[in-house]
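Below you'll find the structures, each written out as structure tokens.
Each of the two complexes below includes subunit A, the first together with subunit B, the second together with subunit C.
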Partner chain A sequence: MKFLEVNKLTIKFGDKTVVNNLSFDLAAGDRFGVIGESGSGKTMIALAIIGLLPDSASFSGSIRLDGEELLSLGDKQMSAFRGSKVSMVFQEPLTALNPLMRVGKQITQPLRNHNRLSARECLARAIELCASVGLPDPEQTVRAYPHQLSGGQRQRVGLAIAIACNPKLLIVDEPTTALDVTVQREVLQTINELVKQHSTALIFISHDLPVVSTMVETIAVMQSGNCVEQASMSALFDQPQHEYSKRIVDLARATQNRFTTFTTKATS
Partner chain B sequence: MNTPILETHSLGRDFKLPRASVTAKQQLRHAVVDVNISINAGDRLGIVGESGSGKTTLAKLLLHLDQPTSGSVNFMGQKLQSADMGDFRRQVQIIFQDPRSSLDPRMIVEQIIREPLECLNFNQNHQARIDEVMQQVELDFVIQSRYPHELSGGQRQRVAIARALAAKPSVLVADEPVSALDVLVREEVLQLLNRLIEQLGLTLVLISHDLSVIAQLCDKVVVMQNGRIIESGATQSVFGNPQHQFTRQLIAAVPQLPTLK
Partner chain C sequence: MNQNRNLFFGLIMVGFSAATALLSVLWTPYDPLEINPDVSLAKPSWSHLLGTDVLGRDVLSNLLVGSRTTLITAFLVVIITMALGVTAGISTALLPKRVGRAAIYAIDIVLALPAVLFAIVLAAIYGPSTFTAVIAIGVATSAAVAQVTRREVTVILNSDYVVAARACNSSKTRIVLRHILPNIRASLFVQASGAAAIAILAESTLSYLGLGTTPPAPSWGRMLASSQQYLIIDPIVALWPGLAIIVTVLGFNLLGDGLRESLDPTLRKSRS
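Here is the complex of A and B:
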């Protein structure tokens, strides 16, 4: 039984096709990557699954989550799904968070919507969530506003909001593009641990092959709306089929080699 | 040859933080602390560090776009002074991180590249120079009449490079020149920069948080943390044999490909 089935998904804005005939499926706990240039339709896939496509988009095909067809759901029914079954971490935490609301309240918003917790239970759960995503000093952090936190901490808050209701599917869209390399590594580790711990299915969207390769088992390569290749991570590296996949694999290898020629000289 | 082209002496820059209350003591943020670097003609110096470590502030000080609160910057052995900047500006040019915000949206490409020629009284035929520099950065001549929003990210950054090179500088400062670009375009622009620096014999100061970019373009590197230089040396020895704990962390944080053979 597949947990998520995307079948012949096509998304258009007017005449412009941004996602063309995309199909993939995930079992519970699968980790799936989507890679492509900006404008290749990566984010649109995520927005379609979570039901946040702009009104100007027209779409066809089917997205079935846990047996339920998502594309035909109304706004209200979709709200019930969002947060509890599927949730998303956005690219830029400063725009994804509400600047006027303490982060504790933002973290528990999905909980209040889905589970009707009391204020005290909410606070306790918010502190618990802050701790589980590795935020320092959770009791104080829940009282902070987004601008008082660092970039990495903000992204951790975004992650806490996303996992508040234990979703079965977590979509992360370029979660570390705005972060430093050292912080990036920590945030990726946290996502990895959380996903494994709760056997959540993961869709990881990125333009950065080295980053995705540490996070997922299978990957879809997107180029201007078309999925040009779907393969396991090792197959992609061993035998990339499509021209574009070859170029990004070769480039990632070349970059790494260039770097390791420096770093391995010391150890050898 | 013995005089460094750019040199700093215990350079410092403090920023005043907003007061917590009217009676509170003025707090300072030390963005750059006691930085001594010397850049010789032909050097390719990389500056790495986390965001907030003072990389960009240091670049602004080197460019005299910001005044130091202590120490000084020397250009060709002369202390930089605001009075006569003409020669300095002709010699030292910058490429900014995001070409979307560094290119004037109301100018066409030709005007953008012409502007430094006019401001700096460039003494050759301007149109000929524009054509020449556009060819150097491998831009099609037809885009001369286009606006920045009509260009792709890679083209925009090439226009920014063309503008920087227009007045034939000897020093190029690049602040995260490729971090806003897609991977394949980034590689093209890096190779272009590499070629141009070699062909034109430029001195490069490159700021980046991406160690692989530094590894590709720079032969020397300084590592910054909290406004201080904590490690410096040849790229090979700093990356190959990092002395400071923070440098090791930076190197360890570079994502590794799992199935690399």
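Here is the complex of A and C:
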């Protein structure tokens, strides 16, 4: 049985369709990418799965996680899934953290929401999580406020919050867009390791094909709410079917080539 | 020190007013209500440090006792204003859109109602007293607090970290207590101290108009009102209650700003 099945998901704001008739499925531990330009409805997919679509959105179709239909669940029942089975890493590492709360407390928030833990257990677990996402000096870091950390460190905190309850499905929404390239690489590596280690299913949302290509096996290409192509990563690079897919693959290649020519020139 | 200059001076000024109020319970140079026509409008001297008013009452004694009325008014008004305003602000932000909007219109109506007018109505029904003044000022200022609070809460409700908190299954109560209140705390302190300052001025205004504290109980506003008639003969009598009001109001404003600064971790110097 599939772990996550999204079937004919449609999300609308008034008359405006932001996600149109999207279907895909994942087995446990699968890694799935969603790529598209901004405004193509990528984030709405993530919010739909985690049950946090804005009140103004209307939706149809079905999302089944572990055999349970999520879209028809009430807020109360959905809360059992949030954080424990599904969790999410947000795009902006600064705004996704409460500026007035020490990061240690924020990391253990999902833990405290799902299981009763003593303050000491929480602290120990927070330090452990900080270490596992590669934050330097975990004992000090848990006592820091978000503004005292760098962008990459903040995103690692976001990641620590997301994995605190060992979710079965991790959704990352452009986790590295706000980071510079070197930090981006390290954070991606950390995500990769964690996902492999716990065999967590991953949905990686991005607008950056080179980034997403290193992270996932299959990919859906979104254009203004429609899924124009779904293929394995290698198939997409070898034979992109849709006009838009061809364009993004060509662009990714062109950038790559330009970079190679530039570096060969520089070294010769 | 440099960073908390506001807090420092605010505390000194408010503390000074509070100290005079406490002192007046234990000791005043004269009985503030004792009338002595022989020394009417006396200049400041060693026997009457701040002089006397037209009825020969000692100004210093009146000022000391008057600070009690002023501070109690400020305190009660802040409690009423913040309790009403913050509750209304948070709940209208959390309510479903239509209900929330209806509640906002109700708050707008209260906001449009001048405190003085409200106080006149209350005074007409229940008779003028410090208490009716407190209620009128408290209710009138709470509308503004509700509006500001609602605006701030709406911003925070849409922020990523609240969505993130919901994504890891935090309950509504928890989000209000852990994320919303701490993040509007700074603004709440500024509003509370602002409300205290407004309350002092409004109480003085209402007492000046005869709608607040009733004679013969001393109040800074009433002292100002009665000294006005003799402003040309003896301007200095008006100076003292005016000065007392300025110092206390300024003190509360500085205190609010100082608290805001000291509560914001990004403004703190050291890594704590």
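Observations on the structure shown:
Quick note on the criterion: the second predicted complex is superposed on the first by the 263 of 268 C-alpha atoms of A that agree within 3 Å, B and C clash if a C-alpha of one lies under 4 Å from a C-alpha of the other, contacts with A are read in each partner's own complex, and residues count from 1 in each chain.
Everything below uses one rule, namely that a contact is a pair of C-beta atoms (placed from the backbone, for glycine too) under 8 Å apart; a residue touches a chain by one contact, two chains touch by 3 or more.
As the structure is a computational prediction, the values presented were derived from the model and not from experiment.
In the superposed pair of complexes, A:N113 makes contact with subunit C only, with no contact to subunit B. When the two complexes are overlaid on their common chain A, residue A:F59 makes contact with neither subunit B nor subunit C. In the superposed model, A:I50 lies in contact with subunit C only, and not with subunit B. When the shared chain is aligned, subunit C comes close enough to touch A:A96, but subunit B does not.
By the document's definition of touching, of the two partners only subunit B reaches A:G151; subunit C does not.
According to the touch criterion, subunit A has no shared surface contacted by subunit B in one complex and subunit C in the other.
If you check the complex, the residues on subunit C that touch subunit A are 96-97, 159-161, 163-171, 174, 178-179, 182-183, 185, 265-266, 271.
Interface residues of subunit B facing subunit A in the complex, by the touch rule stated above, are 50-51, 153, 182-185, 187, 209-212, 215-216, 235-236, 239-241, 249-260. Those residues of subunit A that touch subunit C in the shared complex are 50, 52, 55, 79-80, 82-84, 87-88, 90-92, 95-101, 109-110, 113-114, 144-145, 147-148, 158, 161-162, 164-165. Of all residues in subunit A, those touching subunit B in their complex are 37-38, 151, 180-185, 188, 207-211, 213-214, 233-234, 237-238, 247-248, 251-253, 255-256, 258-259, 262-266.
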